[in-house]
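Structure incoming, see below.
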Amino acid sequence: MNPDPRKYLIYAATNFYQKGWMVGTAGNLSARLPDNSFWITASGRPKERLTEQDFVRVDIDGQVLKKPNPNFRPSAETSIHQVIYQCFPEAKACYHVHSIEGNLVSNFTEGNGLLLPSLEMLKGFGIWEENPWVEMPLFENHLEVNKIADEISDRFQESPAKIPALLIRNHGVTVWANSPESAYHYIELVEYIFRYMMAARQISF
Amino acid sequence: MNPDPRKYLIYAATNFYQKGWMVGTAGNLSARLPDNSFWITASGRPKERLTEQDFVRVDIDGQVLKKPNPNFRPSAETSIHQVIYQCFPEAKACYHVHSIEGNLVSNFTEGNGLLLPSLEMLKGFGIWEENPWVEMPLFENHLEVNKIADEISDRFQESPAKIPALLIRNHGVTVWANSPESAYHYIELVEYIFRYMMAARQISF
Amino acid sequence: MNPDPRKYLIYAATNFYQKGWMVGTAGNLSARLPDNSFWITASGRPKERLTEQDFVRVDIDGQVLKKPNPNFRPSAETSIHQVIYQCFPEAKACYHVHSIEGNLVSNFTEGNGLLLPSLEMLKGFGIWEENPWVEMPLFENHLEVNKIADEISDRFQESPAKIPALLIRNHGVTVWANSPESAYHYIELVEYIFRYMMAARQISF
Amino acid sequence: MNPDPRKYLIYAATNFYQKGWMVGTAGNLSARLPDNSFWITASGRPKERLTEQDFVRVDIDGQVLKKPNPNFRPSAETSIHQVIYQCFPEAKACYHVHSIEGNLVSNFTEGNGLLLPSLEMLKGFGIWEENPWVEMPLFENHLEVNKIADEISDRFQESPAKIPALLIRNHGVTVWANSPESAYHYIELVEYIFRYMMAARQISF
């Protein structure tokens, strides 16, 4: 039993911040509770020193259920978390970060999927194949976040992703998993792959 | 009420040092008090382990009001902080750091403004536009700091900056904000953008 | 006397994780005991916060002797550790990590050995020569780990390595040493050399 | 009065290690005492966790005066520290580190001096000029360390360096200063400049 996942989310935010993926208050993390509501980081809070007051609890439709600090609003990108939890009932955590590498590799293709290199690290997503072909779903960025959320919902209802991750162009990556701990490692895996892709490009591989 | 901002400035300096932006004693941080005077880092002090003794309090004209350590002088670049506080009455903190990336991107143009890429991260400056056009004011470096300060003052009296940041060529960036905490995140945002610009150039984007 | 090497392995894993070489639970570390059995990290455990429960003790033939946590299995790559301990009786520790640079430099040649640059740092492997010629043995990656292990065993029985390190293509490096402390420094040395090779390639040296 | 400088040297080694400049036990640090002897790191000790036992005290001619741990020998490069202290009577500390960038930039020229970019950061060496011309003395690496030391001694007796730093090709940088604290910042300054030179080369500046 883990009734309050905020402690782990604070741990994750601190580490992601230190890696440069949540600087300037960027990004947002959430974890779903048994009643289908979820705790999500409040808008504009410093990810390097979150406290339990820096979260808002919302239901799956985005209605605020609890605000430890009445001045805070849920993350501006809450609607993306909602569609992830709606599309993937087994998802218990959803993390979104803004890395430099994620921004850059999102421009390696003009299509709607980013082909990943066939690295040993893909086993971390449960892909045990020799030279696997894996594309990460890629979405356009819109000023209106709900429009991004709608496009995610539409695409995943037609064809679910092979890996639990999606990328928004010039914006950042989102992952989901059946526990906050697994989502942490998925973020590490995708960011490892993005850094690999950048380094490979730098040496013209 | 936050009568003494030095604790936060020490926190900020430690973190900026660890990111490589204040090495070799480089850079200077200040915060304005209600009486319009400001605490600024003393010249030549190690940014990785500042104490409250490592600051000098000066008035808006640069006159020293208080020196916890009588041997210390205010930062050699105090005059730049003065003009920022004079030009922007709402500014309560002003930070200047020396990153490698800030030095390099300052040479990406020969003009007096650096065009920034239209990244999601610009929302951190309150810019909510689709594909925003944002130029960071760029100034020449001079051995005589007062000459830099005069050029900043002259330009900002004519046309204030769209974002609270300016860059000095081959030298480093300066930001200002209405609180020490916001100035911290602005430094992170501009340095994120500089690293992005460097990485994009490395892969010939 | 150091009857339980797990404390040091935890220290090593934490540091390797922080350097980005064991993210997403990747990699595995082991240390051999006087009875020829060895402690090895359990499969899929987070390397950033291992405890003594996160290891399994196996004999040199890979049979499990002790499982502090009955749910854990030994690392999926235990067979590689076995062949290292079989081929090198003096080896007391064996570490395998997944760095981005190790993956990339493994593609600098199509052959079965990677020529290292003649850096001062090679002295750390006990090589005291002017401009030494050192090749790191390079193996193909296979989905079936036992096949990798067999190829390592076959090659080393014919010709032992000049340095105690081997590289698996698109996967990562493995080192061994006569103490856990030396193996730690060997990992640092090979990763230093990989980063050097990447940086040299970036500037077209 | 600071009768035992080892505490500060331990602090410096820990930080340099974390920046990647003293990995795999590489590098050596010393500080001179009033009697002209100096404490220097013992050979092969891990720089990430030195203790006061990991130093040896030698006189200016290299004779061992004190060994807290009788098994340890002074650094293999003690002779370089000796010539620095002999050539520069005001030098109280001498540090030598092995960075990747220092190795690479040492090959940017075939001559015996490395021209540094005219960055604001050069003020940290007390150089207050507009666009200063500063060359760092560059020496060839030899397997026999005494030969390097002799060449340093010969050159500096003829023409002292403009900045308190020298570079050995494919090996690393050495700095000296009138206090352990200043030597620490000099290492930071030279490594900053090396990283700048590498980054500039990567983008073909």
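Chains here go by letter, A, B, C and D, matching the order in which they are written, and residues are numbered from 1 within each.
Simple rule for what comes next: a residue touches a chain if its C-beta (ideal position, glycine included) is under 8 Å from a C-beta of that chain, and two chains touch if they have at least 3 such contacts.
None of these values were measured; they are calculated from a predicted model.
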Per mean C-alpha coordinates, the chain lying farthest from chain A is D
Since chain A and chain B are copies that touch, is their contact same (over half of the numbers shared) or different (under half)? different
What angle of turn lays chain B on top of chain D when you fit their CA atoms, given in steps of 5 degrees? 90
Here the gap between chain A and chain C, centre to centre from mean Cα coordinates and rounded to Å, is 31
Cα centre of chain A to Cα centre of chain D, whole Å, reads 45
Chain C, residues touching no fewer than two other chains: 202
Should the pattern of chain-chain touching be classed as line, ring, star, complete or other? ring
If I apply the definition of touch given earlier, which pairs of chains qualify? A-B, A-C, B-D, C-D
Of all residues in chain B, which touch chain D in the complex? 20, 23-26, 46, 48, 98, 100-101, 103-104, 107, 141-143, 168, 170-172, 198, 201-202
Parts of chain A lying in touch with chain C, wherever the complex brings them together: 15, 118-121, 124, 128-130, 181, 184-186, 188-189, 192, 195-196, 199-200, 202-203, 205
